[in-house]
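The structure is given below, and queries will be raised subsequently.
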Amino acid sequence: MHTETVVIEGHIVDSGIMSEILDTIIKSGAQFKIASFEMGKTNLDPSRAKIEITGPKTAVSDLLPRLNVLGCFLDSPQQVTAKPAEADRVVPDDFYSTTNHTTKIFLDGNWVTAENQRMDAVIVIEDKGPVCRKLREVKQGDKIVCGVGGIRVIPEFRDRDRSDFAFMMSETSSERRVELAVKRVADLIRKPGTRTALVAGPVVVHTGSSRATCDLIESGYVQLLLSGNALAVHDIEQSLYGTSLGIHLDNGLPVNEGHRNHMRAINTIYRAGSIANAVKLGILRSGIMYTCVKNDVPFVLAGSIRDDGPLPEVITDMNMAQQRYSEELRSIDVVLMLSTMLHSIAVGNMLPSRVRTIIVDINPPVVTKLSDRGSSQAVGIVTDVGLFLNLLSQTLRR
Amino acid sequence: MHTETVVIEGHIVDSGIMSEILDTIIKSGAQFKIASFEMGKTNLDPSRAKIEITGPKTAVSDLLPRLNVLGCFLDSPQQVTAKPAEADRVVPDDFYSTTNHTTKIFLDGNWVTAENQRMDAVIVIEDKGPVCRKLREVKQGDKIVCGVGGIRVIPEFRDRDRSDFAFMMSETSSERRVELAVKRVADLIRKPGTRTALVAGPVVVHTGSSRATCDLIESGYVQLLLSGNALAVHDIEQSLYGTSLGIHLDNGLPVNEGHRNHMRAINTIYRAGSIANAVKLGILRSGIMYTCVKNDVPFVLAGSIRDDGPLPEVITDMNMAQQRYSEELRSIDVVLMLSTMLHSIAVGNMLPSRVRTIIVDINPPVVTKLSDRGSSQAVGIVTDVGLFLNLLSQTLRR
Amino acid sequence: MHTETVVIEGHIVDSGIMSEILDTIIKSGAQFKIASFEMGKTNLDPSRAKIEITGPKTAVSDLLPRLNVLGCFLDSPQQVTAKPAEADRVVPDDFYSTTNHTTKIFLDGNWVTAENQRMDAVIVIEDKGPVCRKLREVKQGDKIVCGVGGIRVIPEFRDRDRSDFAFMMSETSSERRVELAVKRVADLIRKPGTRTALVAGPVVVHTGSSRATCDLIESGYVQLLLSGNALAVHDIEQSLYGTSLGIHLDNGLPVNEGHRNHMRAINTIYRAGSIANAVKLGILRSGIMYTCVKNDVPFVLAGSIRDDGPLPEVITDMNMAQQRYSEELRSIDVVLMLSTMLHSIAVGNMLPSRVRTIIVDINPPVVTKLSDRGSSQAVGIVTDVGLFLNLLSQTLRR
Amino acid sequence: MHTETVVIEGHIVDSGIMSEILDTIIKSGAQFKIASFEMGKTNLDPSRAKIEITGPKTAVSDLLPRLNVLGCFLDSPQQVTAKPAEADRVVPDDFYSTTNHTTKIFLDGNWVTAENQRMDAVIVIEDKGPVCRKLREVKQGDKIVCGVGGIRVIPEFRDRDRSDFAFMMSETSSERRVELAVKRVADLIRKPGTRTALVAGPVVVHTGSSRATCDLIESGYVQLLLSGNALAVHDIEQSLYGTSLGIHLDNGLPVNEGHRNHMRAINTIYRAGSIANAVKLGILRSGIMYTCVKNDVPFVLAGSIRDDGPLPEVITDMNMAQQRYSEELRSIDVVLMLSTMLHSIAVGNMLPSRVRTIIVDINPPVVTKLSDRGSSQAVGIVTDVGLFLNLLSQTLRR
């Protein structure tokens, strides 16, 4: 039998994380004993618990990495272990795989915060300090953090959002009043200094909420657009011919030659050389892409296997596209994910958990999926995306 | 080998019914020959086809009832067959089971239209003529129409809706522009003389569209409300305490004692004696039920196994509830079904196919189910019901 | 400023209920102080906390009922308050509305458990002790429990299911291995002495799992069937004619006269007088209803507004149907809810939280809805019900 | 007023295409007259109709491209028009955009079939004949087919599938008997000479049907696997560590260090150099990827913006990935799409309509989406993918 003592601090009781920790220990078959417990006397004070875990040696040491993820750290901090990468892209077997929560490394007697926090990365100890890196970016000889000693995760305790987002935090239901959710989102993105990214699928165009999206951009509420080829093509098709997938936006009916409009839009942009050029030449005069160009809002379009064209601005190499998404997201505080599972999961993978993430989708499983993949900070609104955007734009104009 | 000749008339080609007829013959293993075909020369003229069906005798006679449903009738009309019901609720084995399409009976040399058309009924030949009746309403000795000879079904050819509803008629997709659907619905129900019924589930209250629903009623766009106990209880809970299922409509948060409000609302109405009395006594002063009472819009509340209470006006016997729904629906032209599968299927069962039926639900399978059960005239709008009603009310105010 | 002290005992930390309590206090705007906290030293010991709540008098007294639901009780127990019902079905305004958790009443110096625990009831103090009653069953003068003093709720702490059901307890996802869920369900219902009820919708017949359901009944794994008219009609239609809703179960194709089979089945049972008679007369020789009759497994069929017929055994009065459902459920330990939202919510309303409840549905929102309505003990399996039942039957035969 | 005469041949009545043609004309506001109509006398004979369309000149000429898509061609065939591409990737404005149906070009007095048929392509007239090309592959000076004269589309009339797939062809419902669908799919892919491709998402692994998938491959029923990085990573994670997304396949519970397994799997393959190498070195000894390598079944893994890693075999450039998918699909007759919207739409875009396409997904909208995007030949089965594959494998072993 072996015993280890871990410490956890913060809003550990009211955030539910204490339950998760004890649950994890119990499920693993080990025993716990609360060595000490200083409960925050009021809702402003953090609590602090010291937990003794006892069990077979392997059971206990197996538990440590899982408790680490929940914010537990060893009572007596030890220097972090770093080992060299054996080759480019290849790390030691016991490498530490990151969460999306702020992570500190005990290095030379100090807790130092890792940079570029994201999930599923490794931590490389560079001269300037620890940095999160994708596995494919590791170079031979890089110093890779291994094991769990000297690593401390600071979970988001969800307390700050309590009054704002609590109502969206439980189950994902379509039986809610959407106006309230819209009002909260509006309050969030109109807060001075907030930088908001839209991650948008083509449904934004199909449902006729392109105008509302342009309003958001023109009013300065959007600092970044992340999407794919489809949104851009449908948006440009609509600007040039009034249709999306050949269906006229004004009457919902298929138009003559409608099925060609999609390809005509691509051909037109190919002829102009790029979306930006098409705006400059006065060929493209409205729509989401036009509005981004005119308002200097950066957009990154990532390619996909289902693309037609793709348009010249679309980044067809996925490693490069991830790189660009990730760079642009660094300065973002709020992400609004609009009916695109593909790009939403991609962005969820890149974001630190401190970024407020709101998923709007008519399809409830999309929210569950994102949360299954670790983006537990994401809250979901199950509604019609078109009507949501129209309402958000109206609310922000008031 | 046996041959029968059937006739079909109407917009049989452009409505797709010709395809269905030939398909049905082919699938049954019989052969067809088009004996004559007079295609309507323009889109205003009906077409007429005479089809010879050849096959084994049983195959051919098995086919006739299925072609009858599609509007085919035997070339040489024969007197309809009527046999006496052997007991109350019990009819001869070869009874004719109705569709929801207008049906004519060849009686003493004339085609006479059956009254109270609905699906899954039998036709009783009364002194005043043929009438559709539920099986349970049949009395011993009633003259029951049997077989398929002398019966002609007039399918709805869907042509009249072409310009209005075509866009909603194909697949049920959430990737559509809902504003357009709202506009069409608004045009339909504001047409002078149109009588519209709402078939509404409690989501109307949960999603905060109670105000919009009251507006529709006050503006005279609603002639009938069909629902159950839950809508009324949640509506009254909201009027009295501002909550629905204990969640406050103004901020989306659970309120103190919220879980009791549901039962308090029922207790309050029990004390007043009825909803109508609660309005009269000034206890109930707002909400959908209040607005119905004040504007003399009839409502029928059908009980269900999941009810709390139920409220005094709720009809707890299902046979009686069906009777009342059905009577009130006789004068209705348009039915708007809002997020309630139970009541929507119930109403779909009772309606003749000439009544325009629009289903609004965030859940696509609901529409498919209704259509699987024979209400093929129903068109679906996949969207958030709360936002839909708000938008409909705004559109009608313009 | 006012202060009250409440106590909570049990697996309050690892079950997450401590988080909920503190959360509730914080959201209400009051302050808390942990007066004492005895954490269970191991995972077998219960914990005990004393919490001081301080705030404006109304805020604190508003909080008490909500904390009561979570298992908190006032530190110094006081005699429960009971007031007479002013009329049949009418109770005092401050009546206590029950949860589905075991509830104790402090009566003459002792904690006495209320009988027939269910949610949304009132507690009547009868000579033999406290009993849960539906509002409509209250008689003038009945002694009704009011306020929250002297009432203690014992929440299910979910600990007992930890090893068995944990994997189904979190989010409802279709991305799970269904075989594992089937195995757990099989283990549960084959435990000696377990009494299992099926709450089944007609999809059980449409998806071809009637045979598997009969196997479960014949093997003694089912002690009760709760359903509606549709299941029985479709089952009998299939037994008599091989079809359900006119679609042949063997090849999935519509059959000749298929649309009549539904009504023919009803007519046949009307002629026999009842389902039980049809079995006795040798008319009905297979299927779920037949198997129930032959194996003396009781069934209760509740009517609904969408019924055709209905069949003679169907209870058309909803108050009576609820009564019968509820009586039969008294001795049940496990409920398997199969693709029927209507009957599942009805049953959920009646069950004490100690009954293990498993919902199987291909549609994820069904599970969310049940849980939204207070049946938090229910766990969901998102899968194809037909394949689920076949697999369950195979697993139990092994 | 202007008149044009078009001809249509084939199973135009029973396939429903005649309805669509007349509908299209009516909706456009033009008039039609059936100049002649030779109905196939039996179900083996094709029919032939000549239709005169009259209306304003622009209306009529706008109609022609839309009727062309439905199989209509001008009565007097004229030489196809070809114009040179003005630059790489840029074609004349009136370029012809292809459907996925077999297309014939009237060239020098003969109807010549275009090669590599797919939707949303242009037709380039090369020396060897007309060929479908993606816009991005067009080179300056290529002869591009323009307008609609001299072009004839041969729609799939759906007749050949009548007996096999009819039951899946109508609406997409989960209320069907899946065993029947499985049997039909089994019959289809076991037909000698049939070449079948799986297009599979990672759900295949999460739901535990990896073993069944391997059985299909080993038994020779699979000639091609198209997927993405996620399937391969989850499959390899499961082979190496028994988990997928950290959840153990044997008990459904999260394992120690589970969240790392995903990244460990990638690291292991990076160390081996590739999946194929990991098989060769004996590191990877089971699972879908292993079975493909061992059985020489080609696989193409397309990258995406949400990838972790990605694995060495994953093609990260989307243009290249499309190229490879498309080449491998040339020889395929049947495509089984398993729970992956992204890859399914991608593959749907590339396939000629003659390839039988079956979509299996628990989520009904996926099927609707594919069909909205033009892959009208696709039929859907709404069920649990894991149970479907297990059942398919069992059925094929019998």
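Lettered A, B, C and D in written order, each chain numbered from 1.
Note that in this section a contact is a pair of C-beta atoms (placed from the backbone, for glycine too) under 8 Å apart; a residue touches a chain by one contact, two chains touch by 3 or more.
Small disclaimer: the values here were computed from a predicted structure and weren't measured.
J.: Sort the other chains by how far their Cα centres are from that of chain D and give me the top one.
T.: Here the answer is chain C, farthest from chain D.
J.: Looking at A-D and A-B, which one has the bigger number of contacting C-beta pairs?
T.: The comparison resolves to A-D.
J.: Using Cα averages as centroids, what's the distance between chain A and chain C in whole Å?
T.: Centre separation, chain A to chain C: 37 Å.
J.: How many angstrom lie between the centres of chain A and chain D, each centre taken as the mean Cα position?
T.: 32
J.: Between chain A and chain B, tell me the centre distance in angstrom, where each centre is the average of that chain's C-alpha atoms.
T.: So the centre of chain A lies 45 Å away from the centre of chain B.
J.: Indicate the residues of chain B shared as contacts by at least two other chains.
T.: 27, 166, 174-175, 253, 363, 365, 372
J.: In their shared complex, at which residues does chain A touch chain C?
T.: 13-16, 18-19, 22-23, 25-27, 31-34, 37, 39, 41-43, 162-163, 166, 171-175, 364-365, 368-369, 371-372
J.: Quick one: in the complex, what on chain D touches chain C?
T.: My answer: residues 166-168, 174-181, 203, 206-208, 247, 249-253, 362-363, 382-384, 386-388, 391.
J.: Please give the residue numbers of chain A that touch chain D in the complex, ascending.
T.: So the residues of chain A in touch with chain D come to 27-28, 62-63, 65-66, 69, 86-87, 89-91, 93, 95, 97, 99, 120, 122, 135-136, 228, 245, 253-254, 256-260, 262-264, 266-267, 270-271, 302-310, 316-319, 321-322, 325, 341-343, 345-346, 349, 363, 365, 372-374.
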